[in-house]
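Shared chain: chain A. Partners: chain B in the first complex, chain C in the second.
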Partner chain A sequence: MSLNDLVHAIIEGVLTGGVYALMAAGLSLIFGVMDIVNIAQGAMVVLAGYLSYSLSVHLGIDLFVGLLITVPAMFALGVVVEWGFMRRLREGDRTSMSILITYAVAIIIEGVLSVIYGVDYVQLQASYVNQSVHLLGFYLPYIYLMGFAMAVVLLAGLYFMLYRTKFGRGIRASLQNRTAADLIGINVNRTRMLSVGIGVAVTACGGMVFGATNAFNPGSGYDLISRLLAIVILGGMGSIGGAMAAAVLLLVLSDVVAVAWSPLWAPLVFFAALVLVLSIRPTGLFGRQAVRAQ
Partner chain B sequence: MRRRRVATAGAVLAAVGVFVAFAGSSTGSAASGTVTIGASLSLSGDFATDGQAFQRGYELWAKDQNAKGGLLGKTIKLDIVSDASQPAQVTTNYNKLIGSDHDAFVLGPFSTLLTVPASKVVARYGYAFVEGAGGAPSAFGNGLTNVFDVSVPVATNLDAFARWVASLPKSERPKTAAYPTSNDPFTEPQLPPAEKIMEAAGIKTVYKTVFPAEVTDFTPIANQIAADKPDAVVLGSVDVPTVSAFIHAFIQQHYSPKFFIATAGPDQGAAFVSAVGKGNENGIFVPNGWYGGSPKADSKQMVKEYIAQYGGNASGVNADVAEAYSVGQVLTQAVNATHGFDNKKIIAYLHSKVTLNSVQGPVKFNSVGENTALQATTFQWQNATLVPTIPVGSPGTVKPIVPKPAWGS
Partner chain C sequence: MTVPAAAEPLSGAGAAGGGAAPPARGRDRRPPAWPLLIVVVALFAVFPLVFSDVTTTSIAVYTLIFMVSASAWNIFSGYSGYLALGHAVFFGTGAYTVALTEQDWHVPAGWAVFALMPLAGLVAGALAIPVGLVALRTRRHTFVVVTIAIFFVFQLLAFNLPFTDGTAGIQLNTPLWSAYTYNEPFFYVTLVILVATVALSWAVRRSRFGLQLMAIRDDEDRALGMGVRVRRVKLGAFMLSAIPVGMAGGMFAYFLGAIYPQVAFDPLFDIAVALMAFLGGLGTLAGPLIGALVLESLQQYFTLTFSNSSLYLIVYGVLFLVVILLMPRGIVPSLGQLFASHRARAARDGGGDATVGADVAGVSG
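Moving on to the complex of A and B:
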C-alpha cells in the first residue's frame, strides 16, 4: 500500500459517504419526526433507482433531470405510506411496531418491483457515470462528485428547513409534545405526513446515485438497510448533519481499512466503530437530545 | 389410571412410528398419477437472479418431460419453495420437502453456499441429491454419497484459461496479473491454481486480496488494481454487481486490462450487458460449462423453447437455466434406468460410472459426485455475443480476442 492508495481511499470514502448520506437522510428525518424506524428505507432507495431506470431507458430522460419526476413521485409515496401505515400506530409502542409495519412495506415494494422488472440486475447508465476528472493526481468519478455535492446541498436544505423555518419549528414542536403542538394550532397529522413525504423524497436522489454506482435488483435493499441504520444510529437518530458526518466517517474508515489492512476487515470495522462510539456516546455523534434542543 | 397412561404412551409411540415411517420413506410421493419433485431455490435475496433462472430451467425440463410422458408415465409436479438465499432457510426447506411433503425426489438449490447445508439434510433421509450449482470442493468433502453435481467442478474452472495465457508468445503474454476474489466457497478455490500456472509462466502477481461477499464499497480495491495497472485481472466474483463495480471503477480510473476474466457474472447474458453498459462487455472472459449458442441438439431445442416462452436471444439465456435443465435430464435417465422411484437405487446407479447426457454435455460421476466427463470451456464476449474460445481449436470455438478491446468498443 502506498501513500497514494491511502489518500485515494480517503477521498473515495468521503465521496461514497456522501452517497450513503443521501440514502440515510430520509431514514434519519422520519425517525426524528415520528419515532419510526423505517426498515423500508433500503427498498425505497431501490424503488427510486428503478424509477430513474424507467425514465432513462424508456423515455430517454437524463438521470438528474428525471429527479424532477421521481422526487415528487417519492414524496407522494411517503405521504401514502404515512397515511396508510405509520399514522395508525399507537403512540405508546410506535417505534417497536414501526419496525414490523415498515418491514411489511419493504416486502410489498420488493414484490411489486419483482413483478414489474424481474430479478435481473440493472444499473443506471449515462455518459457521466463512467467519466472522471483528473484532480490532484487522482481520477475522481463525476457521478460520485455530483452525488456528494447533491448530498451537501440537500442535507443543508433539510437542516435549514428544520431549524430555520416555521414549518421546521412545527415539526419539532409536534415531536416534543403533540398535545401542546395541537393547542397552539399546529396540525400535527399534516406536519408529520409532509415530513415523511420530504424524507422519502430525498431518498429519490439517493436511489438515483445508488443505481448509477451499483448494479441492483429488487432485493438489493436488504443489503443496504443494515448500513443505513448503522449510519443513522452513529450520527444520532434524527440528526441530518449527523447522518452526513457518520456516513463519511464510516465509509472513510472502511475504505482505509480495505486498502491498508484487508477488505475482509472493512465490514467489521464499519460496525465496530458504531459499537465503540455508542459505548462512549450512547446518543450517537449528534445525539437526539441535543438536536431537539437546537 | 396406569392403564390409561400405558394406552396413551402406546398411541403416541404408534403415531411417532407412523410419522417416522412416512418421513423416512426414500421413495416419496409417487403413488398416484403424478410424481412430485421438490427444490429449494433462491427466489429472493442475493441469488435471486440465479435462483429464478434455475426455476425456469427446472420448469422447462418438467414441461418437456411431461410432453414425453412424464417419469415412467407419471406427470411431473414441481414443488418449489424459496430459501431467500439463506443457508438456514434451505435446511428448513429440504426438511419440509422430504419430511412433510414427502416429495419423491429433491433437486439442488443454487450455489455451493446453499448446497452444502442442504446436502446434509437430504442425506439424512437417504435421498439422492442431483444438483447443478454446487461444484466447489466444499460440496464434495463431507463424506456424503448422495450428492451428484451435473456441472463442471469449479476448482479447475480457470485452469484452461490460465494454461492458454501461459502458452501465448512472450510478446502477447501478460507480464503482471491481479487476483481479487470474494470469500465465497464457489470462487475462492478457483484462483490459486490459475495463479500458480500463470506465475510458472513468468506472470508476476502484483495484487491479490480476498474480499467479503457483502462489500460496502468496491472502489478502494478496484482503484488499487488500477494503480498497479496489471496486464491481466482474474476476478473471483459470484454475481453481476461485483463484476460491474470493478468494470465501472476501472473505466473511471482510465485503466483497461489486456485480459479480464471473472468467475461468474459475465455468464448472466443480457443482465450482465445491461449492468456494465453496452460495449463494455467486449473481450471479457468467463469459464462455464454451457452457452446459449451450444450446437448440441437438445441444448438448441431447450434454447428455442426458452426464447419462445421468455423472449430474448440465445446469448441472453442464463447458463443457470442449462444447469438446472441438466439436473432434470440426469434424474430422468436414472429413473428410467432403475425403472422406479427408489432413491437408494438411483444413488447406486449414479455411482456406477455410467455416462449420461445433458444439455451441457456428458455426465459421469466420480466417487464423491463430481462430474468428471465435462470440461470447463472459457467463453468470451465478442461483438455482444458470448462465444466459446478456450480450449483454442476445440470444435465450435472461435479465436479469442487479445488484447481486450478498449471499454465501450
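Moving on to the complex of A and C:
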C-alpha cells in the first residue's frame, strides 16, 4: 500500500462518512426522542434509493431534483410508522419491542421491493455519478463531493433546528423528560411524530447518495443497518454529535482497511470497533443518554 | 375480571412479580401433564407413517428443526427476558460443523452423520461462551443491538474465511436412501432432539436456575441484590440455549444436502425464532413449539405453493406486527387466560368457593 492510496482512502472515508453521519443522526434522533431503535432505517435508505431510481429511470427526473419528492415521501412514511406502530408500544419495554416492530417493518419493505424490482443489483446513474473531478491529485466522482456537501448542509440544518429553534427545544425537552415536557405545555406526541418523520426523511438524501455510490438490491438494508447501529452505539445512543464523529471515524478506518488489507474485511472494522468499545465503555464513546436508557 | 396484569408488558420484563406467576401457579392446579405429553409425542411419531407423501414429510422435518430452535431460543430469551437476535450464529455454526466434519473426516453418508449432531451442539455451545461474555456486558436494548452486530460478524466470517468456500458453499454427501422414505430418518432423529430440548426447557423452568433466570427477567438489580449470580446464570442459559440450536443447524445442513453462508447465517432466522416464541407465548414451555409448528409449516407450504419467497417476507412482517401489537402475550397465555376466567366463572356460578374464583381470576389477569 502506497501513501497515495492511504490518503485517497482517508479522503473517500471522510466524504462517505458525511453521508453516513446524516443517516446515523436520523437514527440517533429517533432513539433519543422515542427510546426506539429503528431497525428499519437501513431498509428505508434502500427504499429511498429505489424511489430515486424509479424517478430518474422512468420519469427522467434528476437525482437531486427528485429529492423534492422523495424527502416528503419518506417523511410521511416515518410519520405513518410512528403513528401506526411506535406510539402503540407500552412504556415498560418499549425499546426491545420497538426493535421487533421495526424489524418487521424492514422485512415488509424488503419484501415489497423484491416483488416490485426483483433482487438484481441496480445503481443510480447521472452525469455527475460517472464523471470525476481532479482533486489533490486524485480522481473522485462528483457525487462524492456533492453528497458530502449536501450532508454537511443538512447536518448543520439539523443542528440549528435542534439547538436554535423553539421546536428543537421541545424535542430536547421531550428527550430529557417526557412528563416534565408535557407539564410545561409541549405537545410531546406531536413532537415525537415530527422527530421520527425528520429522522426518516434524512434517509431520502442518504438513500440517493448511497444508491449513486454503491450498487444495491432490496437486501442491502441489512448491511446498512448493521453499520448504522455500530456508528450510533459507538457515538452513544441518542447523541447526534457523537453519531457524526463516529460515522466519519469508522468510514475512514474501514476505507483504510479496505485498501491496506482487503475490501472484504472492511465491514469487520465496524463490528470490531463496536465490540471493543462496548467491552471498555458500555455506554459508547460519547454516551450520556445510554446511561439513563439502561 | 381481567384487569390488572393485562396492562403489564408482555414478557413480564421489568414488571413486578405478577408476570412470572401465572404459568407457575397455574401448573399446580392442573392434572399431571405427562399423559397428554405421551399422546402428543406418539402423534408426532406416527405422523410420517400416516402422511407419507414426500412433500409433507419434508415440510415436517423443517418444522421440527424450527420447533427445536424456537424452544431452545426461549430457554434463554423467554426465561431471562433478554431478546437475543443473533441465534443464527449458532444455527450456522452447527450447520458448518456438520458440513465440514462430514467432509474432512470422510464420514460415510447415512446414519453415521447423525452422530455428528451432538458435536454440532457442543461447538455452538462452546462458541456461545465468548459471544455471551461480550454481549452480556450490556443490557436490554443495547444487548439486542449487540447480538445483531455479532450475527453480522459471523455472517461476514462465513462468507470470507478460507475453509467455508465462501458463496460457493459446501455440498454434503447425501445418503442413498429410497426416495419414498428418504425423509423419515431425518424426521425421527430431529424428533429425538426436539424431545430432549423440550425436556431441557422443562427442567430449566422447574429448577432453581430457572427461578433465578425469571428473577433476572422481572428485576435484574433486585435479583443481584438477593444474591443471584446474574452474570453466571445469564451466561449459562445463553450457552444452554445455543446447544440445541447448533444441533438444529446441523440437521438443517444434512437435510438440505448443501450449505451456503446466506442460508446458514440468515438474518430472517433470528427474527423467525423470536416471532415463533412471541406468537405462541414468550417464556412458556409450549408457546414456542406451537408458534414454530404454525409458522414454519405455513412458510414451507407458502414457498412450495407460490415459489416466491418475497411474498412470504411481506406476510411474515405483517403477521409479526399484528402479533406484537394485538396479542403481545401470545397464543398460550391468551388461551390460559380464557380457560382460567372460564373456570372462575364456573366456580362462582356454582356457588363455589368465591375466594378461589377471585384468586384464579387475579392470577390469570
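The working rule: the second predicted complex is superposed on the first by the 276 of 294 C-alpha atoms of A that agree within 3 Å, B and C clash if a C-alpha of one lies under 4 Å from a C-alpha of the other, contacts with A are read in each partner's own complex, and residues count from 1 in each chain.
Here, a contact is a pair of C-beta atoms (placed from the backbone, for glycine too) under 8 Å apart; a residue touches a chain by one contact, two chains touch by 3 or more.
Quick caveat, the model's predicted, so the values are computed rather than measured.
Bringing the complexes onto one copy of chain A puts chain B in a clash with chain C. By the touch criterion defined above, A:F271 lies against chain C but remains apart from chain B after alignment on the C-alpha atoms of chain A. Contacts of A:P263 after superposition: chain B is touched, whereas chain C is not reached.
Using the contact criterion defined above for the overlaid structures, shared-chain residue A:A9 touches chain B, although it does not reach chain C. Within the superposed three-chain model, A:S254 lies in touch with chain B and out of touch with chain C [touch as defined at top].
When both complexes are overlaid on chain A, the residue A:Q131 reaches chain B alone and has no touch with chain C.
Shared-chain residue A:L67: touches no atom of chain B or chain C.
Of the two partner chains placed by the overlay, neither chain B nor chain C lies in contact with A:A25.
Of the two partner chains, neither chain B nor chain C is touched by A:L234.
Of the two partner chains placed by the overlay, only chain C lies in contact with A:T95; chain B stays clear of it. In the overlay built on chain A, none of the stretches 45-53, 117-125 or 261-269 of chain B clash with chain C except 117-125.
On chain A, the surface touched by chain B in one complex and the surface touched by chain C in the other have residues 110, 114, 119, 218, 222-223, 264, 267, 270 in common.
For chain A in complex with chain C, the residues that touch the partner chain are 37, 39, 85, 88, 90, 92-93, 95-101, 103-108, 110-112, 114-115, 119, 218, 222-223, 226, 229-230, 233, 237, 264-265, 267-268, 270-271, 274-275, 278-279, 282, 290, 293-294. Residues 43-46, 48-49, 51-52, 183, 209-212, 214-217, 219-221, 223-224, 227, 239-241, 244-245, 248-249, 251-254, 268, 270-271, 274-277, 407-408 of chain B are the ones that touch chain A when the two sit in their complex. Chain A makes touch with chain B in their complex at residues 1-2, 4-5, 8-9, 12-13, 16, 110, 114, 118-123, 125, 129-132, 139, 141, 213-220, 222-223, 227, 251, 254-256, 258-259, 262-264, 266-267, 270. Every residue of chain C that touches chain A in the complex is listed here, in rising order: 7-11, 13-15, 83, 85, 134, 137-142, 144-146, 148-150, 152-153, 156, 159-160, 267-268, 271, 274-275, 278, 308, 310-314, 316-318, 320-321, 324-325, 328.
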